[in-house]
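Submitted below is the structure of interest, expressed as structure tokens.
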Amino acid sequence: MLLEAKGLKAGYGPTHVLQGLDFEVAEGGVTALLGANGAGKTTTLRAICGMCRAEGEIRFQGQSITGRATEDVARLGIAHVPDGRGTFMELSVEENFRLGAYVRKDKEVQADFDRICDLFPRLRQRWKQQAGTLSGGEQQMLAIARALLLRPKLLLLDEPSFGLAPLIVQEIFAIMRRIRDESGVGILLVEQNANLALELADLAYLLETGRIVMHGRAAEIRQDEAIRRSYLGY
Amino acid sequence: MAESETLRSVTMPEARNPARAWRAILVLAGIVAAFAPVYLLESFQLFQLTMAVIMALAVLGLNIVTGYNGQISLGHGAFFAVGAYVTAILMSHFDWSFWATLPFSAAICAAVGYGVGFPALRLGGLYLALTTFSLAVAVPQILKHKAIEDWTGGVQGLFLVKPDAPFGLPFTSDQWMYLVAVFIAGLCFWGTWNLVRSRIGRALMAIRDNPIAAEAMGMDIAALKTGAFAVSAMVTGIAGSLSAVAIEFVAPDSFGFGVSITLFVGMVVGGVASILGSLFGGLFVLFVPNIAEAISKAAPGVIYGVILILFLFLLPDGFAGLLRRIAARLTRGRQ
Amino acid sequence: MDGLAHQIVAGIATGGIYASVALAIVMIYQATHHVNFAQGEIATLSTFLAWSMIQAGLPYWVAFFATIAVSFVIGVLVERLLMRPVQNAPVLTHVGVFIGLLLIFGNATGWIFGYTTKVFPTPFTSDKPLAGGLISAHELGSTVVTLVVLTLVWAFFRFTKLGLGMRAAAYNPRSARLVGIRVGWMLALGWGLAAAIGAVAGMMVAPVVFLDPTMMLGILLYAFAGALLGGIDNPMGAVIGGFVVGVLENLAGAYVVGTELKLTVALAIIIGVLVVRPSGLFGRVVYSRV
């Protein structure tokens, strides 16, 4: 199992947001974390990356990573595309790419630049441009590109569809399908757009006020009208 | 606070009287304590205590604008200097009595404070600190300038004479100076205490803690902030006037940025945004350098800086905060 | 006309010093959003260290580079030991810590080395006057040195991986951590670099103004003015601002207010910039959206 969480509790300051979660991401698999605003989806990703207070067990490839510093978690091979995208606005697209590959010591970085620009041709067009001048959709692509450049084993995506026009969202999810199919990267996807997420994922967990209220194979959940109506609203 | 305690203070209003009685006792004790040194201390020690009271007043001034209103001033030494020089010039060149110079000095310092408060409106924390810091560094140069040398006495400064006790009262001029300082400082402390507890005081603190919300609530931020600077400058300026007469001498080099730093340290160590803290701050600022010198004859300034940093790390709300916490623990223990 | 030309040239020479210190200030500001009030005192201490090395018999350039190395370490240590514990504290606490540093470094220097003014040697001397007396050997030498330092720093940030990492850590520490950058150490490096630059500035200015514990205070003020003028978040702007302030200070001192009021010129510039255009000539105008 690539990532396992057992009894994960997390929060900010004295507030507890997550009340004890159990979930997992398989090697090369896609797990979706669904739920409404405030359910604790972003907090879950932050807990994995040491960006907030966390207790309980989080195991990455068998190693416990609960409470580890963010930069150490990244160096282990977990890439996080945060809410708000986290783009380095003042730097160019090229510099954002270089930062994505910052901790890598191998010689295939340049090859990866090319490969990922094939995946996101728009970014190649804007190579020397300041990242802050890119559109929302392009910044999302840049954020994913930056994460992929780490050559991560696990990719954490926080609401990639947020604030984007439907056409761009389709484009991005198509690219994510390619990533899922072509690389062996495991993906933990947090999304409010349940439909898109369930199309992409193998497993799905539904979060409500810090607890998992439903989980199962994504395909089954998608077919089950009763579950969709009562939990996902469509 | 435990639920039972909250209920009790709500259902039994008499429960608040002990606190009021305590406060009255403390004030009375304070008044006795204020008079005692006149009869207990030697002339030089009394002078030191006088200076401590004056510095406490100066720190109080700084607390008004920085502690309670959140505008960081590293240049309050400038207001101290203005107050000192106004009094010195009026007494030395025009033979005014000290009391006559006070309202004048207060008014001028308030005006200068108001004047500084205007550009300060544009500046946030760090930039204001920087600007006031620059002001503090530039003050001695300005005071020494040839254009005003005839008034300020240039580098040599001006000499003053402490007034004698009036109406033939049985006090030496040193003792009288001490009583005058205590009286004036007492008035200012009392006035500030009332200001802090009033609506204006709460508005000042609201601006400090959440400027955007304060503005959204319709407070006239500009008027309040410049006003805070004016009052703050006035109080520190009055302290400056007192110091001029107490020391009987003013000279530009006594008003370098060291004064501003001293006031800042006093405020932090005594307790930011605390009336009592200002008092502690004044005592600290006057007596600790002596202690520091005793610890290390060679580098008292280093000890001073170390103490400041230790307080910032370990006791960020200063002596006053420490006392508050001890008092809270004691009263909680009793219940 | 000769006088004017010389004032301008001298202004450029001192401007180089201000530009260097302004750069150090801006570097720390960019990374931490704090202004290090103690920058000057640390630089003075470094200069005294250089002086004592030279007194002990070390050749100038050996002492020069050794001082740079030691200053770098001092900067790193100050950040790790004193700034790290209060990194999330309110502004007032930060200002307080800087003041504390100012007191400690300023007084330690006096304590260790005494308060008498010392003569600091310059490695730039020449037997015959240069450019018809327009510029002294030291002015030329120190200008070259400061330009070299500034260029090296620029190149470091622009072209090296570490420089990119430091910029990333300054602009967006959260995202920097997400790509694996150890932000804490980047900050420490920034402080080390700033201290090293300050040391160079101190060693270049000491031969002119003579070495005593309060040497850098006035210079710090001019550097602030320069940094603000150029834009406190813009390193290039800060450098230009430093040069401009140097020239302005000299011209104002010679022709307008006289040398006794020169510090007031710095003050006037600071207030002027902050009131008229707080983001400086080249800084970004930041609008805060409520």
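Labels for the chains are A, B and C, by order of writing; each one numbers its residues from 1.
Everything that follows uses one rule, which is that contacts are C-beta pairs under 8 Å (C-beta built on N, C-alpha and C of every residue); 3 or more make two chains touch, one makes a residue touch a chain.
What you see is a predicted model; the values in this text were computed from it and never measured.
In this assembly, the chain whose C-alpha centre lies farthest from chain A is B. Innermost chain of the displayed assembly, by C-alpha centre distance to the whole-protein C-alpha centre, is C.
Inter-chain centre distance (chain B to chain C, centres taken as mean C-alpha positions): 33 Å.
Between chain A and chain C, the centres computed from C-alpha atoms are 43 Å apart. Chain centres here are Cα averages; for chain A and chain B they lie 55 Å apart.
Looking at the complex, you find that chain B touches chain C at residues 66, 70, 72, 74, 119, 122-123, 125-127, 129-131, 133-135, 137-138, 141-142, 144-146, 212, 257, 261, 264-265, 268, 272, 298-302, 304-306, 308-309, 312-313, 316. By the touch criterion given at the top, residues 33-35, 37, 82, 85-86, 89, 91-93, 95-97, 99-108, 110-111, 217-218, 221, 224-225, 228, 258, 260-264, 266-267, 270-271, 274-275, 278, 290 of chain C touch chain B in their complex. On the side of chain C, the complex with chain A involves touching residues 161, 164-165, 167-168, 171-172, 174-183.
On chain A, the positions that touch chain C within their shared complex are 49, 51, 69-71, 74-75, 79-80, 82, 86-91, 95, 98-100, 102-103, 146, 150.
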